[in-house]
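Dropping the structure in here first, questions after.
Letters are used for the chains, namely A, B, C, D, E and F, taken in the order the chains are written, and counting of residues starts over at 1 for each.
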Amino acid sequence: MTSQTSPNSTARADGRAVNELRPISITRGWSQNAEGSALIEFGNTRVLCTASLTEGVPRWLRGEGRGWVTAEYAMLPRATNTRSAREAVKGKIGGRTHEISRLIGRSLRAVIDMDALGENTVVLDCDVLQADGGTRTAAITGAYVALADAIAWAQREGIVHRRKSPLTDSVAAVSVGIIDGVPVLDLPYVEDVRAETDMNVVVTGSGSFVEVQGTAEGAPFDRDELNSLLDLALEGTAELAAIQRSTLEEGE
Amino acid sequence: MTSQTSPNSTARADGRAVNELRPISITRGWSQNAEGSALIEFGNTRVLCTASLTEGVPRWLRGEGRGWVTAEYAMLPRATNTRSAREAVKGKIGGRTHEISRLIGRSLRAVIDMDALGENTVVLDCDVLQADGGTRTAAITGAYVALADAIAWAQREGIVHRRKSPLTDSVAAVSVGIIDGVPVLDLPYVEDVRAETDMNVVVTGSGSFVEVQGTAEGAPFDRDELNSLLDLALEGTAELAAIQRSTLEEGE
Amino acid sequence: MTSQTSPNSTARADGRAVNELRPISITRGWSQNAEGSALIEFGNTRVLCTASLTEGVPRWLRGEGRGWVTAEYAMLPRATNTRSAREAVKGKIGGRTHEISRLIGRSLRAVIDMDALGENTVVLDCDVLQADGGTRTAAITGAYVALADAIAWAQREGIVHRRKSPLTDSVAAVSVGIIDGVPVLDLPYVEDVRAETDMNVVVTGSGSFVEVQGTAEGAPFDRDELNSLLDLALEGTAELAAIQRSTLEEGE
Amino acid sequence: MTSQTSPNSTARADGRAVNELRPISITRGWSQNAEGSALIEFGNTRVLCTASLTEGVPRWLRGEGRGWVTAEYAMLPRATNTRSAREAVKGKIGGRTHEISRLIGRSLRAVIDMDALGENTVVLDCDVLQADGGTRTAAITGAYVALADAIAWAQREGIVHRRKSPLTDSVAAVSVGIIDGVPVLDLPYVEDVRAETDMNVVVTGSGSFVEVQGTAEGAPFDRDELNSLLDLALEGTAELAAIQRSTLEEGE
Amino acid sequence: MTSQTSPNSTARADGRAVNELRPISITRGWSQNAEGSALIEFGNTRVLCTASLTEGVPRWLRGEGRGWVTAEYAMLPRATNTRSAREAVKGKIGGRTHEISRLIGRSLRAVIDMDALGENTVVLDCDVLQADGGTRTAAITGAYVALADAIAWAQREGIVHRRKSPLTDSVAAVSVGIIDGVPVLDLPYVEDVRAETDMNVVVTGSGSFVEVQGTAEGAPFDRDELNSLLDLALEGTAELAAIQRSTLEEGE
Amino acid sequence: MTSQTSPNSTARADGRAVNELRPISITRGWSQNAEGSALIEFGNTRVLCTASLTEGVPRWLRGEGRGWVTAEYAMLPRATNTRSAREAVKGKIGGRTHEISRLIGRSLRAVIDMDALGENTVVLDCDVLQADGGTRTAAITGAYVALADAIAWAQREGIVHRRKSPLTDSVAAVSVGIIDGVPVLDLPYVEDVRAETDMNVVVTGSGSFVEVQGTAEGAPFDRDELNSLLDLALEGTAELAAIQRSTLEEGE
């Protein structure tokens, strides 16, 4: 047995085991103006998630008695190591931004009963204040907390039924990847750029898949590698779900 | 045993078995001006793929002796059942278009040796002339044929080394999904809108994964369902790889 | 008499007489989703024309009982010999594209009785799949066929009165130009770039002018040259009108 | 003989004969900053034309020893009877603006010897300060005067050869149209909206055509009508050429 | 006492005293189509101001019985010594343009009683035809005249109450600055680029401040300098108010 | 004497004296990736300021041996009480954003010796995470701290001369306004919307003015009111300068 395949291997730059998450921190209510908010940290990755809940739905949904949840992801220009131009200055949103916004929206919609939400809209804004890999998975995980708080607020206000929560489950996400042939969990930037395969997995609190997005950055990957990555992801998201749960219980 | 779970079930609207592709047609050289081109049809889905190979690379790659491959996907306004506004008229490219363009580019880059390509650039344009589900998978499958022809042309012209092809493998893609609990292969539009889970899988000619993108549109999916979908996808892409091979052999 | 001025001159690169059209082909119904469609070819120029007919009119026309017909022209990036950037990527439509879209729209509106069309809108999309000169004239000629089919469909559906067609005439277009002092009909790209004067003429089936757009690319032209060009254009469009007629009769 | 067909008919709202121009006024040097400028008036239509001559040419022309002339047309928001939104505010230039800018550029290039101009660029800005029909023809006619002055300036400065003017001829433009079946010259707005056929004709000082753009706004037009319109246009542009000549002689 | 601090100093390039305005000219009704208009000149700076008054207000103001006044500022490309690209061509409005448009709008709203205006909207377009410093202050001063005329028109038409003018005061603006330590009034371009401090002051006819915008371009300025600049500005705007008054009285 | 005019008046909603700042907090180095950063809080207003220092200058400054400092201001969509659309989504930057970005840039440039900075560029990004009035003044005050740290870093790295700091002074800003006739310091949102006059004042550490921007939102203001506002602003910025100084001394 080589140390590389050991789950307790210390070959990672930050000394973590291959199946170990970075330190996770979730600060609920960081933003006072939003109906729900959370500042989430996956190690040095720091994302501010706000949930804006308003009555009414977009025109194409009106009169159907159902709600809508959508998301927008963005990165501050100096969240990263070198500054990037603002998308507002460039006058258009890049493909990567679009792609991640859509992923976050789909992930959250998977745990919402739109009929129970009623004709209300939630916009989840996930702004990366500091980036060190895994920003989209931190965003999904934090957005769930903001969403849960916004819905609790709407229930207290009587905008949403007090007894019947539109939340059907929780949802969290984590990245996994293969580095030097070894599957590892929750990649920071230095690992991310070296990974041969990179996968983002979105999983419900009850352990089912919402999204599986795996990409061969270097060599294509085989079925066994895929299975190892999915194992790691299920382990990591279960841990994140527990953190979400205890965070949300605190305020009660 | 219900007929629905049988692999030979005829419950699909077009009478196909669950593991059966739609009729596939690839017309090489459909466009005379491009270095490589293919009009590919997956049933009623019809995509024109052209490969434009030019000497030189983008500024950020210059002087490294390596090439570049990128892709742009678009849909004619009336490719679909109801007309959509042109992205050029709206003045911006939508998130879905960006996402698919990026997927096609990554998929093709996975089977190219950039050093062997040398300082040359290939742009793959995939324009959907008629859409009936699976446009992105048809685009990838057809773009490979256009790319192979463009590279063969560059080898004949002496732009790329005649003996050492930059192509390391072939690549093809197919959609799979779960409908009424049954995993099926290659979904046309009517099935796509009903699918609980929708997955696009990109596989090399030698059977390794390049991309796995699965999304729960309805209920989240479990590990067994994921495995069934991957089985179907490997079966389908193997068949597509064989069609690509015979298409490319024809002209020789 | 010099061979150059002879109508049977073989001085043209493709051996045509000065008053001879390129091989013309019109494939009706090439696109299954549109109410009307035609793939038209003027030699190697290939344009896909679709007619999308929907009930209702733009806001500024509502309540007047009259219809609306408009057109959008575009070129695939690799329709031409060297690839051009997509207008959607550039985020704006170029002047040439605008100009041609407007010309096509005006040309088709000239043969439509808007009162008979009723409060319905037809959008003609003309996408150049392959370009070899004369794309705007091929687009007009093909768009007429798509429009005629869309209107026939609307009459069958009872959206437009079955007895009173909104079509008042047919319309076709052709380019003419002066090369080395000789007026010629239907210029492919190699002739177009050499022409001293370039003219696009749009003519109804009954032989009246809808548009005459002549431009001196090199030396200004005199009244006699203008007259010769108009003669050629009337001859060419009469032939195109006959082809349109027989194409539309086929399906009956 | 009806009064309508008489060239001295007073049926026009402003009492002009059918072949009579509106009062024409050209103020040279209206703008002090430009190398050449002219405020031109065709009746109430008022266009400020400036010619900006700079050394150097666009990148695609460098090193060929030839010059470049281009034009931009625009309208102040309240040049017209009701205010239109600024194109800068809308963030894009409309089709009509593009079309006219291109027409002005082509018209002026027709009377310039680019080799004699040398590697210098002239940009003609034609801004409509007040609009009452015929703005594009006034713009061409005024832009010629601004161009001539800019070239004279460049010759005095030694930027362009003092003995060999790049101007090969003068150029002017006028609109003609058919109203109630009668061909008339130089249409103000009230006539323009009523015209069945509308034609803009650009003619050199020596009487050759640079552009002929005729459009059937209502019924298509026949060969005889076309000929009458061309006769009127040649008459009108000859008069404008004489006014340009005397205006340019004044300052000498 | 040094000549520099003397109010009659002739140290300025154009020989003016430090507290002397450039020659001011206001031509009312320069534009026939607008409800009010003025061509204003501050020396060589020339701005065309039009006021477009229409019934109705923007959606967000409807039903409140109050009016709206807004402004748009722009510069012709060759208003300046070297040509700048059109904002419409660039597809976006620059920060400076935005800033000035907003300043003009606020300045004019300060002298309007929105209740007395009723549900009517005035758009002030200020287009700089020739620029030589102070374009924004000329624009405000001229826009007031155009606005006054548009309101007088609306009163004559009965759109606005004939007895109760919505104008509560007049408004004018002037630039002041410190050059070589000396505060001066109404800076032309040559002075503007040399000024250490640049201030634009908007003052009502009755002598109160509407806007004070001072910027240290070079060294920061102290309280005494600020006071001297404000003194000069009050002197200059009082003179401008008198010119506005006599201009508006002329037509009565 | 009324309690309103007393400097110790408790008439403000948050109980502050008229000349009292909100609680000010500056967290240096909040962002690990930037060369300098500060999270600044003026009460509930929270702005993240980062300074990105890179070698080299924009093209138009090259070869002059001088540096460049610029700023970009933006607000997260849910920084405010109701969510606003992202400027990146709208595809353009609003006038207010432009105006504030320019103000911040000018303010910081006023305390930089560009020759001492050398050919280096600093971009100051000021992103409002939570807004409660005074965001632009907090941004300037925080940006100074980020800038000072970035310059200290560049001096340690030897990019900028170790002995000769390009900082010539410090700079801070505060808002002042007149509410119910009483001049007050540092307005939160609830006061801002009620203010008759609103002024932003930028002052150096040594007490000179960099910018004075006063606007009459309601009634115009007179000279005495202006003087009272300036007094308050000088008092407030002196306090902010002291806080900046002690913050920057901490890390030493």
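By our rule, a residue touches a chain if its C-beta (ideal position, glycine included) is under 8 Å from a C-beta of that chain, and two chains touch if they have at least 3 such contacts.
Chain identities (UniProt): A, B, C, D, E, F = Ribonuclease PH.
If you're wondering where the values come from, they're calculated on a predicted model, not measured in any experiment.
**Q** Could you tell me which chains make contact with subunit D (Ribonuclease PH) and subunit F (Ribonuclease PH) both?
**A** Correct list: E.
**Q** Going by the stated contact rule, which chains contact subunit B (Ribonuclease PH) and subunit E (Ribonuclease PH) alike?
**A** none
**Q** Degrees of rotation, nearest 5, to put the Cα trace of subunit B (Ribonuclease PH) on subunit F (Ribonuclease PH)?
**A** The superposition gives an angle of 120 degrees.
**Q** Report, in whole Å, the distance between the mean C-alpha point of subunit A (Ribonuclease PH) and the mean C-alpha point of subunit C (Ribonuclease PH).
**A** So the centre of subunit A (Ribonuclease PH) lies 52 Å away from the centre of subunit C (Ribonuclease PH).
**Q** Taking each chain's centre as its mean C-alpha position, how far apart are subunit A (Ribonuclease PH) and subunit B (Ribonuclease PH) in Å?
**A** That pair's centroid distance is 28 Å.
**Q** Could you state the distance in Å from the CA-based centre of subunit C (Ribonuclease PH) to that of subunit F (Ribonuclease PH)?
**A** Distance between chain centres: 60 Å.
**Q** Multi-chain contacts in subunit F (Ribonuclease PH): which residues touch at least two other chains?
**A** If we look for residues of subunit F (Ribonuclease PH) contacting two or more partner chains, we find 91-93.
**Q** Give the list of subunit B (Ribonuclease PH) residues in touch with subunit A (Ribonuclease PH) in this complex.
**A** These residues of subunit B (Ribonuclease PH) touch subunit A (Ribonuclease PH): 92-96, 98-99, 101-102, 106, 110, 169, 199, 203-204, 206-216, 219-223, 226, 230.
**Q** Can you name the residues of subunit D (Ribonuclease PH) that touch subunit E (Ribonuclease PH) in the complex?
**A** For subunit D (Ribonuclease PH) paired with subunit E (Ribonuclease PH), touching residues are 31-34, 37, 44, 48, 50, 52, 54, 72, 74, 76-83, 86-93, 97, 123, 125, 127, 129-131.
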